[in-house]
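Questions regarding the structure given below will be posed in turn.
Chain naming follows the written order as A, B and C, and within any one chain the residues start at number 1.
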Amino acid sequence: MFSHNVTYVFRPGGVALPDIPVVHRWPEWTLRGISQVVFQNNWLTGLIILGAIFYNSWVYGVACLVGTVTSTVTAVLLKADRNMVKAGLFGFNGALLGIGLNAFMSQNFTNGELPSWRLYLYIVLGAAFTAVVFSALLTAFRPFDIPALTAPFVIAAWLFIFAVVRFAHLPPGPLLTPGLPSPVQGAGDQYTWTTWYQGIGKGVGEIFFQDNWIIGFLIVLGILVNSRISAGMALLGSVLALATAIVLGAPESMVRGGLFGFNAALTAIALGGFFYVLTVRGFLYTIFGILVTTWVWAAISVALSPIGMPAFTSAFVIVTLLMLFAKGFFPGLVPVATEDATT
Amino acid sequence: MFSHNVTYVFRPGGVALPDIPVVHRWPEWTLRGISQVVFQNNWLTGLIILGAIFYNSWVYGVACLVGTVTSTVTAVLLKADRNMVKAGLFGFNGALLGIGLNAFMSQNFTNGELPSWRLYLYIVLGAAFTAVVFSALLTAFRPFDIPALTAPFVIAAWLFIFAVVRFAHLPPGPLLTPGLPSPVQGAGDQYTWTTWYQGIGKGVGEIFFQDNWIIGFLIVLGILVNSRISAGMALLGSVLALATAIVLGAPESMVRGGLFGFNAALTAIALGGFFYVLTVRGFLYTIFGILVTTWVWAAISVALSPIGMPAFTSAFVIVTLLMLFAKGFFPGLVPVATEDATT
Amino acid sequence: MFSHNVTYVFRPGGVALPDIPVVHRWPEWTLRGISQVVFQNNWLTGLIILGAIFYNSWVYGVACLVGTVTSTVTAVLLKADRNMVKAGLFGFNGALLGIGLNAFMSQNFTNGELPSWRLYLYIVLGAAFTAVVFSALLTAFRPFDIPALTAPFVIAAWLFIFAVVRFAHLPPGPLLTPGLPSPVQGAGDQYTWTTWYQGIGKGVGEIFFQDNWIIGFLIVLGILVNSRISAGMALLGSVLALATAIVLGAPESMVRGGLFGFNAALTAIALGGFFYVLTVRGFLYTIFGILVTTWVWAAISVALSPIGMPAFTSAFVIVTLLMLFAKGFFPGLVPVATEDATT
């Protein structure tokens, strides 16, 4: 029925845990949920990523846990398919929503602050809502055998965060400042070695809203535990996006912050070996997707600038969905057989 | 074929009228069209609502009639299914478009002014266009057995009203003023008893753009004639939305104006007993939908503020559609069997 | 499988070329691609249009060729259906993207400037991306037997051009200036004979971004070579849109520039005889579509004004798609049998 998604489910996914009662499986489900953000179904990958987030900011670590558990609990209460729950499929959008709302509502984006009780409740309901949007999108895409990616997170996050402007008790963070877009002037000359290594690391780290280049490389390490291809693709996506942004003359601070990279890194993992076999055409198609994602992130951030709202992973979602929906007309591409996905 | 919508059709729907020739059925079809805005298929409900609108403003009463008749006539001319026409299914989006465009183009939103002949023609074509959009969305949603809700009204209204800025002979009303959004400051302390009773009433009244709390309670009465559950849900939606807006610190004038409530009231009717059986889970799911709709209205109004345009019932449409599309993955929810809808 | 589109393919399409090797068919495929923008599958139509563009600006002629060839090559490399390629179906969105991006990034919109190498690369990748979006939309619309129209061009063009604000080496042209919309004041009195003949011509010319009324009439001539109905509809759409804009009091410069007309002209061709048989109802439905498209163009241009971006042919796409999706519920309309389309 929802064949593709079941595929995530039945892969072994790293070290098997000993047979333990259902209640004690919650940690495993949660860790798999976190690892599904980067298309891995492996609790160890999730543990490494969660550890890296905690290392950067315990506030964000808690937000990640709260988001993942809430969206998973919502699915369980509504009696969703248990195999999908076990695979963390109802968790990964909640994980991102938890950290994302916390981060953009904090005065200090890099380290975050513990939300007020109202904001925490808001975040919990947002994470729960990702489970609803996830199910809705799976239903709509089912006839085409296309995954929802992180669209549930993006949609829920937008529907929740746009509104805070109207509520005195949900004061937005300083990054949420509206303004008409104006063209960049005279950039392109001040890129340094720092731009490169920090930008590449943060290009992976910003997937989880971590403004810390070391965390980015730790996340790559976490992916590597489960898949060399995915780890390589995450790096390739971040590197190519950074190079593209530099060639086109993007502002150095944005490049160094990894802002052009985190969507591209996800597109790279998705197209490069996960949903398409890495043939020559498949590889070139992935490169193409990485480049396009780089400026589509910029495009959406520009479109949202009059209301001062963030693009999240919408560029990855839009570009990857289009490039997946196109498969039926392009026999030159080889879709990955569902039972073999992410090896 | 379009099973769900036919369901509206064959329900008895209040007092049966004596058998009269087709031309004389037009008043009945029109009144049913008005009642379908709040998910009722009952000419008496429509009559009470229409009377309430006329009581508030004869201009809006006329606009409501013109809109309903125009969109229904359009469907008849294009030979749409007669049972759907009889049930008022081609009328309710036209009803809303008629009042909505009239109201936001008036200098005085509360009472309205008779439009110029150009604006009236524009409104008539807009109402006709809702019939087209309704058919288009039904086609797209048919594979999923999902209704179009008031999406045809929202889409047609946006496509028509955004444009008036470019036409000297269609001067926009004062509420259509563009501006970058800025966070609410220091609200949350001046709510009074007036905020509550007016806000709850207007939260229902604004469904029909009636800035009058008494009209809101009359509309609830009209719904009560056909369904106690729907009437109770409309009230619950408006009350909960108002309470939510107060807890989050929304501006008192907006809360008192019912702006946070009219989308939530519709979501409440739709999810609470109409499309889902009111089990414990169904009830909690409805509460969840009401809360989310409250701030999604705010979110969309923020998104549209740079062009100064209204959100209409888009929040209800988006949240309810997502929560209906999700049903296939949540066996914990019981969809209402189509032949039993709205009892 | 994709029945509708194959229909374009097997029609004779003008003068047959002698049997020549595949490599030498490229010019034919390219010319057919250009003619498909206006729903014709005829290399002579394409040649006349291309000649008219070159007559106005060799820069735009080159951009049109580069765009058409790139998107077609992309489809060939990904092994798309050869009959679709031959019919120019992978080319027309690339043609529009090539000229469109070149024009809006030029300091002088009317004549254009040769892009920098970075911008040219950007345009080439954009044209390639239209082939991906085309395939994606065909997949999504396939269950409904609905065409993608120029939606691939609009989506790709938006995703690419919104982003240039962030890149110092892709400086936007002067038309891409953000600003909050403000209502037109006191227009409606200065229309002259010049407004009419230039506006009608440019209303067709702007389909290909040609700000030159003579080119518009040459394009009509090109269409006439293949279809009298389509040529007449293109003119009718442009004339009616211009008249509508004048009745509503649109700014004279915009009316004279054909801005209200180019979307309406495309809607007219699509609905008037191409996708629906020209019965009385079909003709009135087409008139309705022309009127609505006129102000929907204005609506979308208003919606995009805070980021200063162009509407392209989105109004045509939205209105025509809605009016095509609606067909299943309106037996009063007669869809054109696929094998008879565009005669």
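Everything that follows uses one rule, which is that a residue touches a chain if its C-beta (ideal position, glycine included) is under 8 Å from a C-beta of that chain, and two chains touch if they have at least 3 such contacts.
On a predicted model such as this, the values are computed, not experimentally measured, just so you know.
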| item | value |
| --- | --- |
| Chain copies touching (chain B, chain C) - same or different residues, decided at half shared | different |
| Angle, in degrees to the nearest 5, of the Cα rotation that carries chain A onto chain B | 120 |
| Length of the line joining the C-alpha centres of chain B and chain C, rounded to whole Å | 36 |
| Shared-contact residues (touching 2 or more other chains) in chain B | 143, 180, 306 |
| Sites on chain C touched by chain B in the complex | 143-144, 180-188, 245, 247-251, 254, 281, 285, 288, 291-292, 295-303, 305-306, 318-319, 321-333 |
| Chain C-facing residues of chain B, complex | 2, 75, 77-81, 84, 118, 122, 125, 128-129, 132-140, 143, 155, 158-172, 178-180, 306-308 |
